[in-house]
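The structure under discussion appears below in the form of structure tokens.
A, B, C, D and E are the chain letters, set down in written order, and residue numbers restart from 1 in every chain.
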Amino acid sequence: MLRSWKVRIGLSILGFFGLLAVFGPLVGQDPRANDISAISQPPSAHHLFGTTQFGQDVLAQTISGARGSMLVGVLAAAIGTLIAVLVGVPAGYFGGAVDNGLNFLTNLFLVMPVLPLILIVAGYVQGTGPFVIALIIGLFGWSGGARTLRAQSLSLSSRDFVLAMRMVGEPHRRLIFFEILPHLTGWISAMFLHGMIGGVMAEAGLAFLGITDSGSISWGTMIQAAQQQSAVLRGLWWWFVPPGLCIALIGTAATLVNFGVDEVSNPKLRVARRSVVVRTRKVVEA
Amino acid sequence: SGPTGGPAATGSAGGASIVYAKTDGGTTFVRNYNVLGPATDKAPNMELVYEPLMRVDYGAGGVVKPWLAESWAFAAQGKQLTIKLRTDVKWSDGQKFTADDVVYSLGLPIEKPDFSIAGVTYKSVTKVDDSTVKVVFPEPSYATLNQFANILLPMVPKHIWASQNLNTWTNPDPVGTGPFTVGEFKPQQITLKARSDYWGGKLPMTTYKIIPTSADALKAQLLKGDIDWASASWPNGEKEYVAKDPDKHLYQLYSNGGAMSVLFNTAKAPFNDVHVRRALALTIDRTAVVTTLQRPGTEAGPTGLSEQLFGDWLDPSYKGKVQKVDATGAKAELAKGGWTIDNGALVKDGKRYQPSILFNADWGWGNYADILINTWKQSLGLQVKGAGQPSAGYYDKQNLGQFDLAAASTGGASVYGVYRFLSSQFLTPIGKSATLDQGRWNDPETDKIIRSMERTDNVDELKTLGKQLQKIVVDEVPFSPIYNNFYFIDINATRWTGWPTPEKFDSIPFAGMGPDTIRTLLSLQRRGN
Amino acid sequence: MRWAFLARRLGFYLAAAAAAIGLNFLLPRLMPGDPSSAIVEELERVSGQQVPAETLMSIRAIFGNPHANLAQQFADYLRQLSHGDLGVSVVNFPVPVADLVWQALPWTLLLVGTTTITAFAIGTLLGVVAGWKAGSRFDAILTPFTTFLSSVPYFWVALLALWIFGFVLGWTPLSGGYDADLPQGFSLAYAVSVLHHGVLPAATIVFSAFGGWLLGMRNMTVTTVREDYVLLAQAKGLSPKRVMFRYAARNAMLPSFTGFAMALGGVVGGALLTEIVFSYPGIGYLLYESLQKRDYPMMQGVFLLITLTVLLANLVADLAYVLLDPRIRARG
Amino acid sequence: MSVLTVEGLTVDYVTGDRPVRACDDVSFELHRGEILGVAGESGSGKSTLITALTRLQRPPAVTTAGRIEFHGTDLVGLRPDELRKLRWTSLAIVLQSAMDALNPVMRVGAQFVDVLRSHDKSLNRKDAWARAEELLGMVGISADRVRAYPHELSGGMRQRASIALALACGPELVVMDEPTTAVDVVMQRQILAQVLRLRRELGFAVVFVTHDLSLLLELADRIAIMYGGRIVEIGTAESLYAKPRHPYTRGLRDSFPPLRSELRKLTGIPGSPPDLRNPPAGCPFHPRCADRFDGCDEQRPELLTIEDHAVACRLYPSGEDRV
Amino acid sequence: MSQPVLEARGVSKHFPAGRSTVRAVDDATLALQPGRIVALVGESGSGKTTLARLLARFYPPTEGEIRLRGEVVKGKQRAYYRDVQLIFQDPFGSLNPLHRVRYNLERAVKLHHDVRSRAELHEKVTELLERVSLTPVEQYVDKFPHELSGGQRQRVVIARALAVEPKVLLGDEPISMLDVSIRLEMLNLLDRLRTEDGLALLYITHDIASARYLCDDIVVMYAGRMVEGGPKEAVIADPLHPYTQLLIDSSPDPERDRTDRTDRLGLFDAEDLGEPPSLIDPPAGCRFHPRCPVAMDICRTDVPPRTELPDGRWTHCWLQEKK
């Protein structure tokens, strides 16, 4: 899997941000410390990423924002994926009435407009911390995954090796966890990554709309604070560019990993390397 | 804005027009002139159509002045008020404005509680003659006279309103006593037409246009001269706007009589101890906050009363005084109260308190809260947690008393107005919603002074009482002011001159101030005309 | 069989609509606070006075008492809905929610509708080409770039665009849907103005949305190109263009199409952030405002509208899919 | 007269570290109207040969050597547009699974019309449809099915439609890759009968690929046996059945139990086909060969002609029968 | 004849399909005896797999009953699977690609024998692999399925089934996915299991030649119904039912005279053999009558009864009934 450059690059970016989220705040400056003598300073040797309107170090905020954003992203993805597994796999495996019920639920969530719904619910649950936000994002973001997992486990559960192990006497529990789930790890991890980007983006969006707790620092709240202080129109680009770029990078990384894994697992997607194409052409022309 | 030119461009070609940009009303306007209804968003600048009986003169310390009412007199120890009306006022449909209209308008909130949106305190209104009405209160009400200056309690024509179902009627073509009538109403532009028979005089403009815009777009539009007038804060406006054309670009701040303060929850340990309150008040870095606000020099004095408005009312010893961060003093206060700080928490008698500060995230206050938190941490070692909430949650928590410290706005039209909320008549226990006394201040001395203020309209007496209250606020610190609040006015005086200035004003040029807005408009002149 | 399939889907959508209506009814009632208290709080804040208890009671008479019998409330709600009555806006009392929604709807439909279609068209076309020439330089540059593009938070792009084109260059207006001064109607100037105001929001939507289509389409095309029928089409000696569009793209588009229908369904509620950044007077902004002001009836109304359009679009998508893919008809 | 001459055709799959040689030095000749059967087990390179032959291969397949002469023109060096002119009018193909080979969202008739009109610009739409009906009629599909979608036809009908489609432009050579594997015996019999009749009527040559030797023995004029990417034996059907030379051919023949004659215990060929990613040195069959002797694991046997027959086995060092 | 271990008596299986039903199997009767192999042949879609799955209790019969050792089966499937195991067609599909050979076998052993110690487990696994001739055991036991050839995989599948020590093995085309050259080894393995362990075997195939090679009795199915059955030689040499004739005549047979590439197959026109009917609305009477050249009126209306011949053969054909 690591042979795919997409996976390698994606994983290294994700790993970098993961480390940043875990260890960054321990070594970096205090993101909330404000230095009144250095307000809205462009990047300099002293403040590598410049400072905010409040004299806060943008680098420190970006680092600490990594934790805030990734926490929500990972948590939302974990919750969403968990629900998707809990709904999708039994639906596909057991079929029948279980499936009818769960599938209806899935379809229902699938056609519900998620962002407005999240907005409304988040609006009700006021002053939400990262955990609640992640919970809400996760709760509304599982349906696509559940549908995929249902379809997959439906086809897996009628695959011969599952039937064969059932004939050998394996109980349902083991069939689900040892025969079916291992085949879904690719889907599940893709789903997780996808959910993570979704979570990070949704958190940023919600923060932008002022729904999240602005007391916690995330990339979303950074952009929101910058927007609130008209940083964009005042040309304080160093304030809002780093968080936006970080989100884009994480998103790109996760997408790359997913594509890479897709290409490895689905040979139909594998594209011949350019060298091969060139060689083929040469032979033809020779 | 567009290639066809901005609204002002075409507006000026068509005649004398003034363009006002509204930044807080969303992207569209709704044609709803049901002015007394409980809607919180109505058509904008309705005060140019419907006028109240009185006005508050902020330039003179917030005293109440006549408007549609010509004069008034209290009787029965302030429980009875006789109001004499102007006789030269006509509705825009030509009918005369009479006491019947006043009785109807003032009576509506009493008859229809769902229309009681202005918080009236009188119990009955009766007609004395065609130009006189009598209002009766259950309590002495000298201090609450300003309810008749509330733009939420304007005069409406009985001959039109009485026959409508007010629960469904949006009053699309309002008839009022004000200088304007509604000309054209489009969701993204309203044109008000000036009346020729306005009782207050002839307006210099023929139309008044209102357009919606966003705070950021507003700046560009002002710079371009697309609009004449707006009310929005512009941090660093001096440099970014005024400096570019000091003659025509005006950015004005008028004190609104209030301040942004740290409110202590005095019903709760540790803030029921004055020493703790004092210690925290002594270590607020007000300068840092106004610096990042880009509003230098607007630090609040210890009383919370703005000098711009209340210069005459302020105790001279508090004048010009701004508390700098005083860590030593604060520590001494804590020691006096037997408090120590251990590991970021306040400790006394083995009990630890780790306070948090509630703020409104919608105001983007988180970063200012951080400044306070940082200062408390640096000077006292106290670790205060930030607890941001969006507006709704913020008000919920504040009203229920579920906070330790809160960043809250305090203020009012007069000294009484500013301090009134400290009265224990508004006290509710924690967990029960409080309208005013969210800090749960409960002090017999304060109550006594406020009660006395409510029972007199003697200015000297009021000033004395006011100074007593100031002393309580400074010594007992039920709240600690950080910076003064303002009305922010943005003007592009390319087309219209004669604007008031904060240095010299009879009325505040803030659209939404009711009669003040009208007075401002009346005083403008076309440049070059 | 195809009718059975459609009937089943229709049944699902009806059930989903019922669930949406139920949810719409329940959500505000399950959450703390009710519209009347929200009004009262707001009034108290504005006036600085305590509003008497009778006021709350009378306002509840208008907006409904949250403590009344739920079944009764639901019956009332359904009766209202059946008359197309979405209730009365709280903050704009007594303006009906339906009026406000109707006023905002055309703007959203115009902006998001056209951009969704444009983004789909551009993304799909480029995706087909990238997938067809997978591994080529075109693909090698465009695909990673698009991956990055589709990961950028939308509002961030919008903010940057607003800054560059609206503020620095001054090419486009900063907010609004048209020049306020022009008479609204079918004049050329008005149309130009609407275009002029819409171009930046539209461009940003297209910019950040076409990437998704491109990537999806590219991968589908890469997969489809490996299908035997494409191989056979080549063997038949058809022109490469014909093979690419009639055989590869036509089939690769089928899954994208479902997504497209979903996206069309999302048109009404989908451009929330755009409308907010550009202060565009559409449905998304209305929802945002109603949330901020806790205008529950408006929230419910807008949400119901959004949900129902999504459902409708999905139903239409199912119908169209049946027409587009002959296999569905048989599969049932 | 030969329609097709293949010489030293070598095809590699360029994946991983080492290319997989799926077609190794394949040479044969095909005469006008002849049916050449190619038999071999799964992975022996049959499909690779076919795609190389028809110039339909896609990366990572690379034709590294050899010539494919079609009426004297070498297809390997042809430009795509020149090749396109030859396609279908001279060289048509039938793929293994008609379900996958017919565009699922186009009507069957439209797929005929498509190819007819792109090779004959003067043909109008109506005539093209009529011709499609006629072609379907040739394989016993009634004209009213011309407007059906592929999935609306049974597997056998689809496969026959595929064959009719291949004949649309009157090709001289039709290449068929396991056209009957997905259908059952009765339909297979019917298809074979039709192919034989059409060949008789239209005179095209056929390369017919399958793993079912017993089928070829009934159908083909000549048969080539592929093993590990090479042709190990090639000869007329009769001689191959009656007197298979290569031990693999013999084993293969004896892997089909008889339908009528007396039963005896058959063993098949022990072991399994070579992994082309890691092919054995020397003769690819030697690890499974009962007759192998010294040097079979080193020396690569050449395809040598013996009588009516060519075989690549060291048992026949100079084209002589040793056994 | 001894008592059958497993019996299907008049079983039918109808699948709902929208508003209609697929009558996949109708009124099938079959008995498996220890030490005997019954072959079930028929063309694709004739219901062979459905019948096997009914016997494996993957779904309940719509009508009729399954009897194990004379008793109607009901209740726990788990107990049933101690006696009856099914071998699938695709050896790759029936092994979880993520589990090693060892895991598959150990699970089966653990679930059916109270084996605790590692050593004992290993011993059992070794024994199983040896029984299916996967030796040396060490070479295979820790491999993943994809590291094995098709034949080896199918042996693992059989070993796993044997771990349960069943009395009946149902093989659903167990060799059709394997390379021709190794099919016979598999057939020989099955034959050995039958003789050594006295297993009762159902061998499903559409290859009559292999059925003849392996089995004792043949049962022919057509469109969900059984049409003929009996001792193999008798059935093949002298088929009673026209469909059986068609099937046998259609099967490739290298021994058949190559010059006899005629357009006729016995009674049938080789170019128009027709297609099996839809099972949603199958023809009334004998289901073969639309294709049958000798169909009579009664064939179109009445289902033919079972006609038994003294040599153990039986058929459902009015022609034989009339005789």
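One rule holds in what follows: contacts are C-beta pairs under 8 Å (C-beta built on N, C-alpha and C of every residue); 3 or more make two chains touch, one makes a residue touch a chain.
Being a predicted model, the structure only gives us computed values, none of them experimental.
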item	value
Any chain that touches chain D and chain A	C, E
Chain-chain pair with the highest tally of contacting C-beta pairs	B-C
Maximum centroid distance from chain E, chain identifier (CA atoms)	B
Remotest chain, chain D as reference, centres from CA atoms	B
Centre-of-Cα separation between chain B and chain A, whole angstrom	45
Whole-Å gap separating chain C and chain E, where each centre is the average of the chain's CA atoms	55
Length of the line joining the C-alpha centres of chain B and chain D, rounded to whole Å	90
Between chain B and chain E, centroid-to-centroid distance (C-alpha), Å	89
Overlap residues in chain C, where contacts from two or more other chains coincide	135, 162, 167, 226, 292, 294
Where chain A touches two or more other chains at once, by residue number	123, 210, 232-233, 272-273, 277
Multi-chain contact residues (two or more partners), chain E	none
Of all residues in chain D, those that touch chain C in their complex	51, 54, 56, 58-59, 80, 83-89, 92-93, 95-97, 100-106, 114-115, 118-119, 149, 151-152
Residues of chain A touching chain C in the complex	104, 107-108, 111-113, 115-117, 119-121, 123-125, 197, 201, 204-205, 208-210, 223, 227, 232-233, 235, 240, 244, 247-252, 254-256, 259, 262, 266, 268-269, 271-274, 277
Contact footprint of chain E on chain A as seen in their complex	159-170, 179, 182-183
Complex interface listing, chain B residues touching chain C	1-7, 10-11, 26-28, 30-32, 34, 37-42, 112-114, 116-121, 147, 150, 152, 166-170, 186-189, 209, 211-214, 216-217, 220-221, 362, 391-392, 395-396, 399, 412, 417, 426, 435-436
Sites on chain E touched by chain A in the complex	56, 58, 77-78, 81-82, 85-86, 88-90, 93-96, 98, 107-108, 111-112, 157, 160-161, 163-164
